[in-house]
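Structures for review follow.
First chain A sits with chain B, and in the next complex the same chain sits with chain C.
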Partner chain A sequence: MTTSPTPALTADLLGALSRLVGSRWVRHRPAELATYAADGLPTHESRPGLVVLPGSRSEVAAVLSLLAERHVPFVPRGAGTGLSGGALAGGDAVLLTLTRLNRILRIDPASRRAVVEPGVINAHLSQAVARFGLQYVPDPSSQTACTIGGNVAENAGGPHCLKYGVTTNHITALEVILPDGSTATLGSPQGEPWGPDLVGLFLGSEGMFGVAVEITVRLEPTPRDIRTLFAEFTQLRAASSAVSAIIASGIVPAALEMMDQSCLEAVEASIYATGARTDAAAVLLVELDGAPEAVAAEAAVVEPLLRANGARSVTVATSEPDRARLWLGRKKAFGALGRLAPDLAVQDAVVPRSALPDLLDQIAAVRDRLGIRISNVFHAGDGNLHPCISFDRRDPRQAAAVVTANREIMEACLAAGGSITGEHGVGSDKREYMPRAFQPAALDLMCEVRRVFDPDGRANPGKVFPANVCREWRRGDRQ
Partner chain B sequence: MKAGVAAALAGALGPALLDGEAVAPRSVEEMAGAAALATEQGWQWKLSGRGTWVTDDPPADLELSTRRLTRVLSIAPADLVATVESGVTIAELGAALRPHRLWWPVDPPGRGERTVGSVVATATAGPLRHGYGPVRDQFLGCTVVVPDGRVVETGGRVVKNVAGFDLPKLHAGGFGAFGVIARLHLRLRAVPESDTTLLAEGDRPRLLAAADAARDSGVGLCALELLSPAAAGTSEWCLAARLAGTRTGTEGEAARLRVATGIAWHTLGHDHAMSFRDILATTAESGSSTFRLGCLTGDIATTLGLLEATAGAGATFAGMGTGQLRWSGDVAPAQLIALRRELAAREVPLTIERAPWALLRAAGHFGSLRNGVGPILARLRSLFDPAGSIVVALEGNHG
Partner chain C sequence: MGDFTSLDPCVHCGFCLPACPTYLATRDEADSPRGRIVLMRALERGDLSADDPALRQHLDACLGCRGCEPACPSGVGYGRGLEEARRRIAASVGLRPLARLTLGVFGRSVAWRTAFGAGRWIRDLGLAKLLAGSGRARLGFGMLAATAPGRVRQPTLAPEAGTGPTVALFRGCVMDTLFGHVHDATRRTLAVNGYRVIEVPGQGCCGALHDHAGDQEGAARLGRANLAAIGETTDFIVVNSAGCGALLKDYGHLLGTEAARRFAGRVRDVTELLADRGPVTGGSLPLDVAYDAPCHLQHAQQVQRQPLAVLGAIPGLRVHQLPGSDRCCGSAGIYSLVEPAMSRMVLDDKIEAIRSLTPRPDFIATGNPGCLMQIGAGLMAAGLATRVAHPVELLDWSYAAGGRYR
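Right after this comes the complex of A and B.
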């Protein structure tokens, strides 16, 4: 746990910010600041010096210009649903909360584009465009609360990213305000960049390059037909083998999700129950979408593959209520797991798909050795694991076991050729693993690229890179 | 080439480094050594692959080529990932993947001798962009040699990865300005059971309407390309559609396409489809210059009109689902700059993919940049290439 000291920012700054955005949109009292001391990850806490909630892009620019003049660090934040401790600010920093910039500015159904402010809630966008037969595809589990701006900062994913790609594949242009208060237009409405792909570079920069204040997103047609298959397995490895078989068949499902027995037990004991038998070692949720003939043909391939790889039952849902019930269990799994213990640490890592069975075995070994409960609910189709550790942070033994388990799981994923994060970001949580994930030259270069956008290092300081990792690139040794 | 430079470099690093007049390292380490020495000596270099796409006339002290980085290092069928050196050609890659029933779903303009590194560095996607996305989505990570000789591994080899900043994106379409792409982790797909190409010919307005109908109907296609007669090698405009998936699925979608568009389509046999793709690939380099535009799909018809009026006759390719237009022909710098200005007013970027140096020097691959991008780009170039070793015209003198 980390807890920063109380604010060191001046009353003068408070006054200046209040004049820019209105005093009701600047939070400075301890009780107010406490509500911003954590995001969705319970293992990190830090109370910001001040919280400011601008209401327009011009206010964002004015706030950033003011902070630049006074050399004050800042941390952009959306809804605070992130799972990496990425949107936490220390006592010397201003937390820039963007939830008031929540307007959908334009919808262009013919060209399948929408322009939104960063505080628009992910699910609200899909709801707004549904009447045109369109959807915004990236669907993090927190989509009913998380913001598009936060999704941009983290390059968020979601179950349906297997077929359609993550956030970076759905953003064509950004209006950004850089840490010095200047603006830049990245990308174009169609997506072809004016110059190198700076939209791609900005996506997933975890608030360290600046603030996106206007976001142009690509919309996709709502699928004409959707079929969801729910398969129960008595062996975890069999479920993993089924995943490999489906991918190898050439079919790319819209989603291919797995829950293990521990997760299933929690879901079935909750109001999100799917009706599955809790003696299953794992369940797979396979969603196929597209044209009716194509979906039927793919289902005719996938269902036998599931059975051939050991599924003891396969339920096919075609009606919206049945599909919704199955998906509710998956999407609300984290909520269901939250009932198991006072705290839940949701981890995020990626391995090559072929390494999934071995990784799940290794996670089970970590669980058994440390005597903690780890449940797995994850995006199996792209090898994106989410081991969820139930614990009580008040128990030092359990808190220490969580740290050990996280480290061992990250090391196992890296050893398998994977990544320390697939969609949650590095934030505060995984900085220490960055030197294990990247060679010094790559880390140095990333630090310097950050300085291209933020020479003073004031935007979301202390995230992504461990302290003192960034050497002087220009003087760096050759690798 | 500056007299004696290549020989001096070969003298320092070994004569085997030379391939004709070019410096063509055989490994990433050799590439790093050559880049470091050239930068140390203050020599400027131009990058090349097999020399089949970009023109070879940029002024430089030496040519640094990836043409001998030709190893397919690994293919992991279960993970749908291949690791290759950047000088592997598109044809060689296809041949290596075929026994595994895998493919890299990128069909770039130009001949099969184009290298994978060239395709990524220029971000030259073809019609398959409609179904599989742009080039930047088709690789997971890369190894880059920066001008001072450091070797930087960026990205990874898993399909989802948000650890650190997404530096590979800078190299996709960076035209080599940020270093030499030496190795790539490619994202593969399993070969579909069925892969069908349909063709319709007719007048342009009718085909445009048909393409709109196809797009609006939501027919599942992996390519939908409107082609001028010069692009398709036909007497009339063509609309080409490609469907991939299960046999039942593609047959059903083909039937829906016919109903939705109301035009006469004919299905190409396998050999005919292959030769048709070859025609498209080569006509995309039929003129001295090739450039691409990105417009919204609703603006394709008017953009085509503007293109025709300003750039003149040429081979024109229009991705009807993506809004990516490509044109190849002969165009003067003043003509192109005028077109780019006209397009900029409509929020349509124009990127020169290949052109004689005189045109590139004047107009740049990207031309004048948008609000706030110029300073960012200048700082990035200064970071990666502080000595200005790499000869590449991103902005041009009059962009």
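Right after this comes the complex of A and C.
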């Protein structure tokens, strides 16, 4: 990204990094680099120059100082479950993998806070705080594998973010190592102590602002009562109108998720089967939580609404195993889709809820015209769509159809007043849509903000912003 | 022979990462299932060759435990892919010297009988227990010491012979020489549950260790010998070692003959046969026990409930849930020998889980010789009083206490 020639990664750098973190934790052989060439969206591939796995925050700082000294670009990486080709580094860059920083440093049940290292796996945090009757709410479907650091960098969402908010609503402080190797504390356990919301600024920065090495999260009490309603529909439009009806009733469910028939077929064939009949056109998963009386009252409204909008069956799960089975089906859906075809392209876009039924029709039209299989599994409650295209990349016709389908769906979402990503980020995958989604002035501002954190443009270069989009590059006034 | 099609469904989602003991130990994706699938696909395409040292290092470091398979929503057949990769590596560059030497011993009954006989002698003199400890060699003595019966006094009275289905006891190599007491317990408990156990001479090692290392020919040679020795006369072939059982059930695939498929269809783990009959309840055994599931039982054979049913037939036994009981202990055939460092890291996680249990169990029950030895040695090295036992040993003691043997 810098205009100065990027120095090739030399044997000398390998030696210097090995001295900092131990040679066992610097991966340089081609086979090892290949295992880091993709994230959860393997349609993008890039082999890093080196992979470094530091074991402590001081090692992270030392590595970043060294890289700054030598003008070497770097890319932070968590578990590599990202779905936008975000945690990929080019051959001239170092991939900084943070999974070894995986300690839960403190749990403070009284003030409902926990302090964790970035490599802690999302679900491990929830398990660790469960004995205090607490939970860490943001629950991306990938929660059994993805890291809190990755969640921070993508501002991850999850089914339960409809009611409780996405990651940014649950982080109160961050220790960040900036690209020059210096350390900055953003926020405080109580929240932002003064002035602008710097924690908020860092959330969703996709590895371009530096490395989060210590994260203070907000914990919530586990709801006293939880009820999960599972409704089968024979019409996709009917399921969408049920979603609108529930939201219009004023009830905010903890989660409101939809899977269409194509997705359901894959899930029911997997070990995470929900038990639904696969001739349903769509299923809705509605979760209500809170005080028992409130949950009962809401269920008394929601269940008739589902039926009135055409649900052919509604089952209610209250026991933990029953609920877990329904949720596993939903949360493992992307993976289950793997059985349909060798390759899968997962998309992510948000549209106004009212536009949902029309958009689903438009997606179906794209599917029929291009003759490809598209499955829908998504956070219906907040209009966050995930069309998933199954294909075989070894077939050039199919590979080309995927590119066309992605573009047409994105354009339809933008035309409906939506945005190009709900929770998976821009990364490599959505870069080209940025100028369509944002005015030049807004893009310039984003680049300026980035320069505050990373003046040399060495942190996760080549992501989010299309080449030459920022004013300084257009003017060519960089050194 | 095989190919890598079982890996095709992989969509690179990463859900398998935290199910993998080696990834949890290093957190390095090169040591993860997804990373290894990338390596195997590169091997398939020819992008990496079978003698690439880094490729071999990370595929060798795979336990073959298949813990990643149930975590995969896409149904990737990791085990089959690994088998093919190891076959190709073995065919092109051969086995590592230590592996070749070890497998050579297992391949010839004179050799393993001598080696394990000497081992038993050291154990019975009490030397193994004396020398057990934490260093690499002392862990080895711990493994030997862990093969001793969980109780000094063994039931001696035989129960009345059963009249039900006939069962050929698969004796194996390690089981036959170091775990004779488990074979005795198997015969007694099966008889109490109505089976007629028949001794079949002329069997040898099952070949699982060869198969895992990529030496399918060595495995097939041993398989054919066992097939010939055991024949087709009994209703079932019973195995009390999960690792052997998994391969015996796979003889159809390994040997590719109709006879081998029929043979494989008659193979049962001892807990399957026992659970089919209840099993019959025994006398009270007031002990604290935690069950640790052998990978080759829960993943390879999909036998999950039956060992717990066996423990459930023992009145007074307090069975506790061991967190991570579905995760490999790092034994994995000859893995602990050829990959000692990684094996130790994985074992340490297991011992830590046992250490944090309250109450601390008297016994860890597990139905595979490798796991019994590995966990047993780990417990001794950590100075914990918890011991290891095969589930049928516990049932056997319970039957003795309940007066079932006369």
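What we mean here is this: the second predicted complex is superposed on the first by the 462 of 479 C-alpha atoms of A that agree within 3 Å, B and C clash if a C-alpha of one lies under 4 Å from a C-alpha of the other, contacts with A are read in each partner's own complex, and residues count from 1 in each chain.
FYI, contacts are C-beta pairs under 8 Å (C-beta built on N, C-alpha and C of every residue); 3 or more make two chains touch, one makes a residue touch a chain.
Note that the coordinates shown come from a computational prediction; the quantities given were computed from them, not determined experimentally.
Look at A:P342: by the touch rule set out above, it reaches chain C but stays clear of chain B. After overlaying the two complexes on the shared chain, residue contacts for A:T185 are found with chain B alone; chain C is out of touch.
Within the superposed three-chain model, A:G165 lies in touch with chain B and out of touch with chain C [touch as defined at top]. Within the superposed three-chain arrangement, the count of touched residues of chain A is higher for B, of the candidates chain B and chain C.
In the superposed model, A:T35 lies in contact with chain C only, and not with chain B. In the superposed pair of complexes, A:R458 makes contact with neither chain B nor chain C.
Look at A:Q439: by the touch rule set out above, it reaches chain B but stays clear of chain C. Of all residues in chain C, only 8-18, 27-30, 32, 34-36, 38-39, 42, 47-48, 52-55, 58, 70-76 touch chain A in the complex they form. Looking at the complex, you find that chain A touches chain B at residues 108, 110-113, 154-155, 157, 161, 165-166, 168-169, 176, 178, 182-186, 188-198, 200-201, 203-205, 221, 224, 244, 247-252, 290-298, 300-301, 350-354, 379, 382-384, 417-426, 430, 434, 437-439, 441-443, 445-446, 448-450, 452-453, 464, 473-474, 476, 478-479. By the touch rule above, chain B contacts chain A in their complex via residues 32, 36, 76-81, 101, 123, 133-134, 136-137, 146, 148-154, 156-167, 169-170, 172-174, 177-178, 189-193, 218-220, 245-253, 256, 292-299, 322-324, 347-349, 351, 366, 369-373, 376-377, 379-380, 383, 386, 394. On the chain A side of its complex with chain C, the touching residues are 25, 27, 29-32, 34-42, 53, 79-81, 97, 99-100, 102, 119, 121, 123-124, 142, 144-146, 269-272, 332-339, 342-344.
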